[in-house]
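Lettered A, B and C in written order, each chain numbered from 1.
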């Protein structure tokens, strides 16, 4: 039986060769060595993580170690870190036979991406003009995690259809694209986007969707047997959902201003998320026969409120404003899963495995627009003079910018994110179409067997249709026999 | 075969109609809109989360942003948040086919409850006398999570036997009951209860048990096939257990006094929990043939020490005192599962799915009593003068209260919690008996099929007895055939 | 059928009696009572967790409650706590039928061990010379968790092959061994080891490996059917892996110096971990036919970078230095799984269930060496004068020690850890060979059935070979019949 399976597999592999034995190790080794060399040349500790901190403290009259930025941001950093690895990772375990790939490749590209992001973001934002090095501290590693999030969102659209090597390439290009886009939005346009509705979510989603469009597989139906969930995989995915949901207030507040900025960002996000849970349940139930809830909606659309608060979280959007944002996003996102995802697959040829268009693209766009409006309507009466200056950084070169102008720049930032997402996606999509990346055949999409040693038993899902038809008569006996082999060996 | 199943289901549905397609969306929409309106009227940022913080800081001579309450409490808040959504949620995934409902409905009612709690607790505790608004900050959102915990405990007794609409109603009434009870205990009686042994656990448990008593189902045996766990569901439940267990020190210290109060509360809870693990394992092994441990005990009774330290955690109960509390609670709680739960089901007609009587009611009562005794025996020699005043808030109107008197008031607080729990439970139980809430038939309890789109395969558990008997001869073939259908479609 | 199984089991039990009904409760009760008595005699709150803190603050001119050590270390403590209970616990759920034992016994011995560690470490490090008591605060409970980690690592080698009573004994002896070893390394030799590469990992791993060597089971093949994973158990194990991986920066920084020490330790660990993920994936893919990744490597070797940074994390090893450490460890650890584990089992008679030799022993040794080298090469130009003194505590008696000497002492510390690990392992291994600890028979290793009430259904894995052979012909019918029994009862 083993031979038979191997033979069948050999047949399918003639068309595609998903063997990554050379390419994956090569990519991992070479890029990791490159990271080491580049870190050796460029990356140093900043003054808060350097052993000279004690001297620095005295020089700057800092009264206590607790004023080290570490204590302001480390708890939020750890929450963000959990979102990146457990949140995104487990959210992608929902497929019945792609949990290894979902959580495993997420792990791989995030671990590579964060190193690469420290360098790219460092060159653009944190380069020391004196000695040309990048000085890193807690804020840099939060930003690196943020940068990685953009690529993980893109992975969501491609889940199950690409090889780990393709994902590494996607990350290799995605990180610099992100860093440039972020530089233009935050520094050139001086836009505020603490939780990254535009910078992270809009960019990441359109980057992934464009790549998915270019990598369109007309015969993806051939692996339809594996494109759904099973009971336990849906529960695993809820681990991802809940850790994302719970820690999103930390995500949006992680790099906002000390004091009221972080405090307000956390509260606003907390409220928006709560609100989108209720509307998600409502639409999910309303749209189904007998009002049965769909796990896909609960796993994803409940998070839309957090995405949409990414820009405005640190503004004075007011508690009820946050609830309204969440209210709308839960509705829009759930409708997306019901209507847009099938539409996009059928007519726009975009196969979006996790539905990132509904979870990241639309709420991200909405978040950018809400941010622009909230910024444009900001006033000294609401923020206080000092509060307005602090919140929007109207200092130095930007001292004379008005809230209305700021609103315009915020909107411009959204366009930049879109352009980079789609443009970058076209570029990287074309690269990923090259024939040597080891992507799976249409029949083997969503199947961990292709890239992982999957444990022998529990093989309830037969790998290929023909094999199944052929074996049916002998099925029970064969199973028992193969059990024996295991037992007796 | 599909028709046959549908037909069988149709038969059972004649008696009960668990279709929530209209009621659930209606409840979610209307209540969420009500929240938005009420938040618009009443809820504002407090001075620490408002953009005027910079001015406020200068006025009050606060030297640093790190003095913002956010930095004192945010890490504890996130731990509490994890307990509410992952802890309570996954603890309720232990049933073989109710994991979606366990974690999903927990998510729904917590997301609604926290908004409602911000309002209700705000009106009672945080109303600004000048402009009639509620000013919210980090402490409010911790308190909202606490308030929600009361309703989630109640859900534990009803798990699998009620519809999501009933749970929303339970929460709608539970939150104001909690807020009034909390106001009487903490403000009128001036009782200390930082971790909520009385306010949260005693109230929540008796609220849920009373409702369960009123909703008694004499024929619940009809869904006995689904009332147990399977191997993997027990492992999922351990995720809930462990996150509750690990973060309970944060729960009990989240709103205690800055400095030594939070510090001591965390240490005491840490010790009590460790101690109850050992006695739980001991009793569980002692009570079984061949000493085999029971997962139900490990999942639940190990947490009893945390519940019982809810009141006394911030007192000078001393480390060995905490160990003694945990020691007793592990024993009592495990005995509860062995003896009381079956007794209550048989003779008192209380069906308590998760055994909240053992995990919350008894340890909560005990915690209240321990708190009263510890308070009554407090002395200046142990606390220091300032320490005694700080710990029990013997200031202003209460400056002359003695520890002995405080002990009496603590005991009175426990009675208030009991009265509100039972009284509120009777009221809400009667409301939930009304025939239009869409609760499942006795045959369909503990079954996700009723309210969720459950993935097709892995249907190892046949839905109804008759169907099973009938199909047995054709079983193997049918399975193969249905596989085909999936493959070929 | 039930009788038949019981009969088979009875047969095997003749050789070994794994009934722990008397011994486990006895051990839990007696030791817990001993803890209570010893805590009553010795353990008190320290000045930061005592109600006299307010007075202490004024005396010491501490300006704010935020200077309480609680706020410096509590977030890290909670992360470490998660690593101990969820990280180690779920990492050990990978076996197909030993998830209860993996996560459950981990829970039991950690809960006992942390109490015992508070006492033992207290006697050696924190004894108040005035009144002979141990004053505990946040740093003590972090240290207790660390101490427990040593025993949990040892459990990894023995997973599935020992009884819970044996594990309690292993912990009972392991904790004092750890405390003495730690006292010699940190206090007598004045070695720095904040993240415990030597103190925790080297000691724990050799302690466990030596015990496993003494408890060698030549016929372990008899339970080979249970020694692998299944699909879902591998996903559960990834929960453990990821929480360990994400929170390792907190582990290595939890008790380093306030300010730059904690900050730098977190960043270095973050980088080393990222680097070892890439080399783990590379070697795993390179070593397999068709480049298929092995979950065992991903679950374990990705963590090696964190282990190896345990000593040097708080030093100025520089960011690229951290990357190099992670790079090497990922390679070494994965090779260990490929080559050394089978070699050790075959030729050295060491059965190492979780491969702790690859995850803890080798990276721990390497970490000790790296720490020694980094310390020996430290200089004032890199650290600054004050920084050098702070980092290596060159104060008081040690004011004249040079970095070079320190390097030598670091190396000496590594030897001490090794000696205690192996010596302690021999001692405890011999004790555990005594015949009355209730360890499972060779046929029942890796089987939860022995110590747990396992839910009836999902029994896809037949318990014993003979039974399986016998029943094969009647298999389908019997299964249906047994279903009936469940239904009708």
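What to note about this one:
By definition in this document, a residue touches a chain if its C-beta (ideal position, glycine included) is under 8 Å from a C-beta of that chain, and two chains touch if they have at least 3 such contacts.
On a predicted model such as this, the values are computed, not experimentally measured, just so you know.
Between subunit A and subunit B, the superposing rotation on Cα atoms measures out at 120°, rounded to the nearest 5.
At the interface between subunit A and subunit C, under half of the residue numbers involved are used by both copies, so each side presents largely different positions.
Annotation: 31 Å between the Cα-based centres of subunit A and subunit C. In subunit B, the positions touching at least two other chains are 63, 66, 71, 75, 232, 239, 476. Within the complex, the subunit A residues that touch subunit C are 19-22, 24-25, 28-29, 31-33, 35-37, 39-40, 43-45, 48-55, 57, 63-66, 68-71, 74-75, 78, 81-82, 85-86, 89-90, 93, 97, 99-100, 103-104, 107-108, 111-112, 114-115, 136-138, 141, 164, 232, 236, 239, 451-458, 476, 480, 483-484, 486-489.
Across the complex, subunit A is touched by residues 63, 66-67, 71-72, 75-76, 79, 96, 224-225, 228-232, 234-235, 238-239, 242-243, 245-247, 249-250, 258-260, 262-264, 266-267, 270-271, 273-275, 277-279, 281-283, 285-286, 288-295, 298, 302, 316, 318-320, 323-324, 327, 382-384, 386-388, 390-391, 460-462, 465, 468-469, 472, 475-476 of subunit C.
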